[in-house]
């Protein structure tokens, strides 16, 4: 709720434990809870679901996504 | 309004809170308010809309785009 | 079982000797026991099986995967 | 007009405020005034026009092109 | 035969003089004796055979493979 | 005419002001006079002609080619 | 003729002045005499011939190949 302007990597750190949608460069998306993230954008995602063309294609327990594949991370405000 | 010549990363820093259009290497574009940006061109975009071939295909709350995907950032002068 | 928040590379280190599924950028997957991993995500996988489109296409003794090819690593909780 | 031999990044620095054509790796070209450039070849381009297959396809106010996309920069001698 | 857990680059170092199969990102494979390897995974392979789709397509005396092309290295236990 | 063995970047430095042909990764070639080059293989080319499939497709005054696109540089001995 | 185990970059240095075949990532091959090479695998090749699908498609005097394009370098033992 701070008014301070946060850097991209800082806002990602502050979003740990939130639900996120991560789109990769290959256009596949992963939804889940972001357990942790590092400055390279390596992410631990739990209760992860894989989406392709908008449909769930797989459910995972816990995955670690390598950061260089990330296109964008959407922070879900309210779940 | 300064006459001084600004470096690319400096002008991006000075454009924080402005509306921008970001085109990625995959030719998809994102419009929104640039909340923040770092020297790697990682960007926080709020009220983000995704455009493909000129049409809105999705609306997002807040996304963090990984900088290495950026083709160019257009700074919208007047919104 | 620690409550502490672990970084992505730390949780991978702590998962050494667990079974994992590693998907590479070329969409091929490797299942096996993760003998070791380094911060670049180079992985030693033993009893490795290669999956393409969900089917086993090859079985390997021991392989070392170069980390830059990794899309994600799924940590199998219970095998 | 100096006779001295200039390095590539130096001649780009000395061309600030000149008109340039920038071709990117995706074969799209951008014409405009090069307001500034840094050693990574990130460029601020004003009055930018986008060309595809030799035709103008868009006009922009001011864009910042990420340097790693650049194929070459043509320095326009006389406009 | 050590019980100690070895890092990926260490196990590759310890496999020098063993026979290996190296798959590259372009899906071509090279079989041969790994004379040496460095941390970048540049490899000297002697008595190298090139396989494409499972068939030998060429035999080489000695080749040096540039490490950034490597997908994985399979260490052949018994030849 | 020195007998000394020169490193690749040294021989490129010594070839400044010579005519060269530069082939890029996209298979397009540029012929011209190499005004200067840096260790990253960024090149200033003057009187540059662009060749595609062996035919001239464009003539440029002066271009700066970003080094990471270079496949090889052919040093023309006699023009 | 030393029995000592040589590193990949060392064996390339020791092969200066030998004939080599260099295959690039785009599957084109270059045959010639390796005048010099640096740790990045930038190579000076003299009397270079270009091969595509096994046939000579061009002859060059002297070319400098940028190292990041190299797939492998074959050291020709006897010419």
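Going by the order they are written in, the chains are A, B, C, D, E, F and G; count residues from 1 in each one.
Following the convention adopted for this analysis, a contact is a pair of C-beta atoms (placed from the backbone, for glycine too) under 8 Å apart; a residue touches a chain by one contact, two chains touch by 3 or more.
Source: prediction; values computed, not measured.
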Shared touch partners for subunit B + subunit F come out as D
Find the geometric centre of each of subunit C and subunit G from their Cα atoms only, then give the gap between the two centres in Å, rounded to an integer. 35
Subunit B and subunit E: spacing of chain centres that average the CA atoms, whole Å: 44
Which subunit E residues touch at least two other chains? 68
Ring of chains, enumerated from subunit D in the sense that reaches subunit F first: D, F, G, E, C, A, B
Would you tell me which residues of subunit C are touching subunit E in their complex? 16, 24, 26, 30, 35-38, 42-44, 60-66, 68-69
Interface with subunit A, subunit C side, in the complex: residues 5-9, 11-12, 25, 27, 41, 67-68, 70-77
